[in-house]
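This is the structure I want to talk about, given as structure tokens.
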Amino acid sequence: MKNTINHTTHIITHTLKPITTDALSIETLSLLKTNGSLYPEAVCPTIDQKTAVKIYHTMQFIRLLDDRMQACQRQGRISFYMQCLGEEAAVTGSAAGLHQQDMIFAQYREQAALHYRGFTLQQFMNQLFSNQLDLGKGRQMPVHYGSADLNYMTISSPLATQIPQASGYAYGQRLRKDPYCTLCYFGEGAASEGDFHAGLNMAAVHQAPVIFFCRNNGYAISTPTYEQFIGDGIASRGIGYGIDTLRVDGNDVLAVYAATQYARNHAMTQHKPFLIEAINYRSAAHSTSDDPIGYRTKEEEKKFSTNNAFYRYETFLIQKNWIDLKEEIERTEQIKQDILTDVKRAEKIEKPIIDQMIEDVYDKPTTQLFNQLDDLKKHIQHYPELYSHVH
Amino acid sequence: MNMLNALNNALDLAMSKHPHMCILGEDVGFFGGVFRITKDLQKKYGEDRVFNTPLTEQGIIGFANGLAATGIPVIAEIQFADYMFPAFDQLVNETAKYRYRTGGEFNVGALTVRSPYGGGIAGGLYHSQSPEAYYAHTPGLKIVIPRDPYQAKGLLLSAISDPNPVLFFEPKKLYRTSKSDVLDTYYSLPLGVADIIQTGTDITIVAWGAQVEVIQKAAKMALEQDNISIELIDLRSILPWDIQTVTDSVKKTGRLIINHEAPITNGFGSEIAATVQLECFLSLEAPIMRVCGLDIPFPFCHEKEYLPDHLKTYEMIKRSMRY
Amino acid sequence: MKNTINHTTHIITHTLKPITTDALSIETLSLLKTNGSLYPEAVCPTIDQKTAVKIYHTMQFIRLLDDRMQACQRQGRISFYMQCLGEEAAVTGSAAGLHQQDMIFAQYREQAALHYRGFTLQQFMNQLFSNQLDLGKGRQMPVHYGSADLNYMTISSPLATQIPQASGYAYGQRLRKDPYCTLCYFGEGAASEGDFHAGLNMAAVHQAPVIFFCRNNGYAISTPTYEQFIGDGIASRGIGYGIDTLRVDGNDVLAVYAATQYARNHAMTQHKPFLIEAINYRSAAHSTSDDPIGYRTKEEEKKFSTNNAFYRYETFLIQKNWIDLKEEIERTEQIKQDILTDVKRAEKIEKPIIDQMIEDVYDKPTTQLFNQLDDLKKHIQHYPELYSHVH
Amino acid sequence: MNMLNALNNALDLAMSKHPHMCILGEDVGFFGGVFRITKDLQKKYGEDRVFNTPLTEQGIIGFANGLAATGIPVIAEIQFADYMFPAFDQLVNETAKYRYRTGGEFNVGALTVRSPYGGGIAGGLYHSQSPEAYYAHTPGLKIVIPRDPYQAKGLLLSAISDPNPVLFFEPKKLYRTSKSDVLDTYYSLPLGVADIIQTGTDITIVAWGAQVEVIQKAAKMALEQDNISIELIDLRSILPWDIQTVTDSVKKTGRLIINHEAPITNGFGSEIAATVQLECFLSLEAPIMRVCGLDIPFPFCHEKEYLPDHLKTYEMIKRSMRY
């Protein structure tokens, strides 16, 4: 009974006039022009060369990785892949705006954030090929990465479930007085789930230091945004939760970086969540199981993909003299080479041993699970050539 | 005709029969669904009757419950059965109990929920689950699972016209691979009635959906290699299930094996076993055996080892016969 | 492919400035002063005497019913009850703003709307006493009313489930070109559920003619609004869904009536949902199982309960010369009498026959259900005195 | 001590042991929960550790999953087990699979979900359900149900310290009525281990939670009136369940009855029956029988008729003995 309800604070009117969508005008923050220079009024976030180049190299790497692994899937070497194309800037810029110890809950298309944190080519490959060295023990489909060391929660396919979890995780950080916060990525499609509503409201009420980062990339598989919602994007929802909100041009890595730094500061100093909506376009297919020809036009794809974040930022760095294009071309070739080599390495490594099937269901396998494993192993011994090897 | 076409054809026939019938779900509109089951239906019946919803399963089923309550037939597609759980409350507390709690004033019998289920497509934890048992504990729901295109069409048409809400699980690994002769015209197959797909005298095996071809393969092996005569039953309906057909068979053969993909513990096999041991106690020559998934989440890299395949079934047949 | 996504329509800014709660100012509509006269600027909704008095009589009846049935519960004659006190005006005013054929999905505290529609004292009693004449066949706890004839969906205890259902129902009305819409009541607590989010967004996207009517009465059992959300009430969420929204003084029956008429017109002519938030105070306990002494002060209760909607409206009617207070006092006495009489009638009627236990699970009982009923009946025959009579 | 106090005491002890442990749920804060289980705990441990959440079960469990992933012990209260279904996805797809899908990188073992369940309080459809079987098909979860205050405290403390997520269902009709001697100090009772509460030779009866006193009453009748010697087992843990104790008992008695409140079809009794008929086939002198709820939603006005009470159990004992 610390308080009474605040029912009397409302302003009274005697004229019936509804609140309509135009009551709120949400602009999109952009700092970098498409030609790589800053807008005159724009304030460049403080960023050192090392960070700036790391961001660039992350985007570079992910573009190459995506391209190669997409091809690998087409060759039947892995079963599934999802590209980040069109969203590299939003994901990398936001990851760069965090502290390395901040927690990240991602959806699935944020491999750039993970690489920024230090997930190696080998680690990507081990997961993609579900081999013995995969941190996830080969149990999930490709692209379901995660790493406790890198404070990156393992991806879970059910959409939006990570949103209230991120709120709870951040609450724990505040409770323990950790100097860290949590960032939670999700798509504009996932934002339709009930878990989105629960996660944002609870974070606001419980003052969890979490940054909600919505990648509004225009599509949820085949469903365009105008069939997903009719409000003004996802940003317009922040106000309903009492969460301060920014919309950014997701192709402007500096704007995303600045917004995330701002949000992080807000979360840490005020113990409050923050919502960022990055406007992007999913330039590639939803996944290797998808073909956008069935639901959108080539013209549309062209229109939105030309506004290329990578080259916009590259030009900025060249103008700053922070990168040398010749070196970068060599670097690109080297990465391509490394990927090819590592594909071969990773696909040769055996899959996890069969005993791992029953591990991690509980902290220790139950008697029943041991019995089930025994039965399975005995069975496989009858047909050793038909199953994978039992170690 | 493959199962995709058979299902699409069934939906087309139903849509042309009921002037307001709707199909809704994620990506079911222009694109025709990620498995293309609703292909071309939006073009044919308009955007008001076949439409993409926002990405919210609880919303889809909630909305579909309300729409069905008006009496308009509704098909709600859940993209993968693994993603029905956000709608569990709407299904179990609402759909299933609608008629009962309203004393019959209202009902959502016009609702059919379709969803691809099961393994076999390298889907890992979240594109492989067989959740029928989660719903089988819920009076008020009907649950139907077809084994091939012919069954799929006839059972789906029955599910749509049945005056009760039906969960219709489609074995996604059969979508393209399973083929059968399918009439172009409207026909229906009964709900709640199992199908004896092969008669036999030594042992009864019950399965449903994609596992039916698994038990067929095992039965063939057992016949050829061991001369065991097997009665094969496709349960088809999980709720209500056809106790009579199964118990009649077991009373004749004296032996029963149940095969399902879901984890063994509290899977629907447990209900079958519990009921049959009661009804056929004096006829049983061996305990009822279950060939099922392990009690673990569905593992991507060990899918083959996880699945209750024909070899495991075959070994169990021998074990039962030896008992 | 009727369209392309509308990603380019956003206005660009180069200055980082978040949207904060003060960006939206939502006023509360009030027409009637506490002294029963209209505010000078207020436009009185067109209302005839008959309707105005029907509204008054509905509120009067419900206040008496609630009071009596609360007492009946205390006497152990029924097991449970929930009062509407403090919200009679909001519920009655909104019900009056609808067409009789419009569908209502309610939460549980809206008995006034049902009575406005014509649910009789006898019907209330039959449900409360779970007797054979209850339309719901005695299967639900008291206050879970419903009537197909009166277009009032039977109450369901799980909160917020009715919200997406109302959207779907309204969609069906539009599809069939019915000249009717749907109104959906829910509490500000229920608005935290994922189903709220799903229901509002889907109604907006699918253009369902549904009026979402939130009774913000300050509490969800013991949880005050400031622990439920930190945004500006429920009204502030409308904009995030692109749903036009009004906040009204829920103690001003005329304001609620006007708002509902406006919303209905909007829903029917534009095929669009509308959101109304009525500001009220739950003057009574949450239910007969609850005692607010455990979580709120008497001062607070007094503060918010003095602003009494019923007498405010009564004064208005007296000023209009539309009611005669003496007659109303007699009417009140008569209703009290009727209620007492009907309690006695209803509690004497037997409970539903045991065969009805297995009805309505499906359209027809299954073989298994018939078997279970047979077994039960045989069992009861062994112990006839210990169970209710088998007919 | 009654069960309310025993649970409150257990929470108090756990909260004082773990410096960051949190309790969250609807109305659990200042008010102490609608059943007052968390009474005074906010006052003692502060608003940051014991707090009301917004009204969203999926949010409560989602938030609790995330908080538990930090390693902080969390108790999430769901006001009634009937209202856990909105959180079904978070529980079944997330909580249960967290450790497995992350390869052990992360886990939510620090989570305990408490919820009152079961009938007996005139709650009708939505304040009476016994949903344990819905979760029992889910590897990764532990499920525990106490029968009295002593058990409640010891099992809850074990659930909290167990490194796996536990669903802890509390028989609400026993909250005030069940009383036992309860130590004030910290003690724990093992999870996954059944409790033989009475030995006997003629027949084994298994139950859990509030049904334990029902089978005790029935056993007393059968002993007094028919001189039947009954072995009574309180299962205590539904997942993992103690197969050994049950099968050992049935091998000795040759007969088994399972009693649970939930509807019979695919209730947890089916799993017990399926397993026991396999393990004890040659020992069984009668089929395994189940005394359970009917396959209907929980009816308000026919609660007494619906429930698997001591008389129904007693009659079933006689039926089993006569077999």
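First chain written, first letter: the chains are A, B, C and D, and each begins at residue 1.
Quick note on the criterion: a residue touches a chain if its C-beta (ideal position, glycine included) is under 8 Å from a C-beta of that chain, and two chains touch if they have at least 3 such contacts.
What you are looking at is a predicted structure, and each value in this text was computed from that prediction instead of being measured.
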Reference subunit D; chain at largest CA-centroid distance: A
Top-ranked pair of chains - ranking by C-beta pairs in contact: A-C
Where subunit A and subunit D are represented by their mean Cα positions, the distance between them in whole Å: 39
Whole-Å separation of chain centres (CA-atom averages), subunit C against subunit D: 35
Interface hub residues of subunit A, defined as touching at least two other chains: 1, 137, 139-140, 144, 156, 158, 192-195, 197-198, 201, 205, 227-229, 295, 361, 366, 368
Residues of subunit B whose C-beta touches two or more other chains: 30, 51, 54, 56, 58-59, 82, 85-86, 89, 93, 97, 100-101, 125-126, 139-140, 265, 295-297, 299
Interfacial residue positions of subunit D with respect to subunit B in the complex: 58, 82, 85-86, 88-89, 92-93, 96-97, 100-101, 125-126, 133-134, 136-137, 139-140, 239, 262-263, 265-271, 273-275, 277-279, 281, 284, 286-290, 295-297, 299, 323
Contact footprint of subunit A on subunit B as seen in their complex: 26-27, 29-32, 34, 51-52, 54-59, 82-83, 85-86, 122-127, 264-265, 294-297, 299-302, 304-306, 311-312, 315
Complex contacts: residues of subunit C adjacent to subunit B: 1-2, 105, 134-137, 139-140, 144, 146-148, 153-154, 156, 158, 161, 163-173, 175-176, 194-195, 197-199, 201-202, 205-206, 359-363, 366-368
Contacting residues of subunit D [partner subunit A, same complex]: 20, 22, 30, 47-49, 51, 53-54, 56, 58-59, 61-72, 74, 86, 89-90, 93-94, 97, 99-107, 109, 139-140, 142, 163-164, 192, 240, 243-244
Subunit A to subunit C touching residues, read off their complex: 1, 3-7, 10-16, 18-21, 23-31, 39-43, 192-198, 201, 204-205, 216, 218-219, 224-233, 235-247, 249, 258-259, 262, 266, 274, 279, 281, 295-297, 300, 303-304
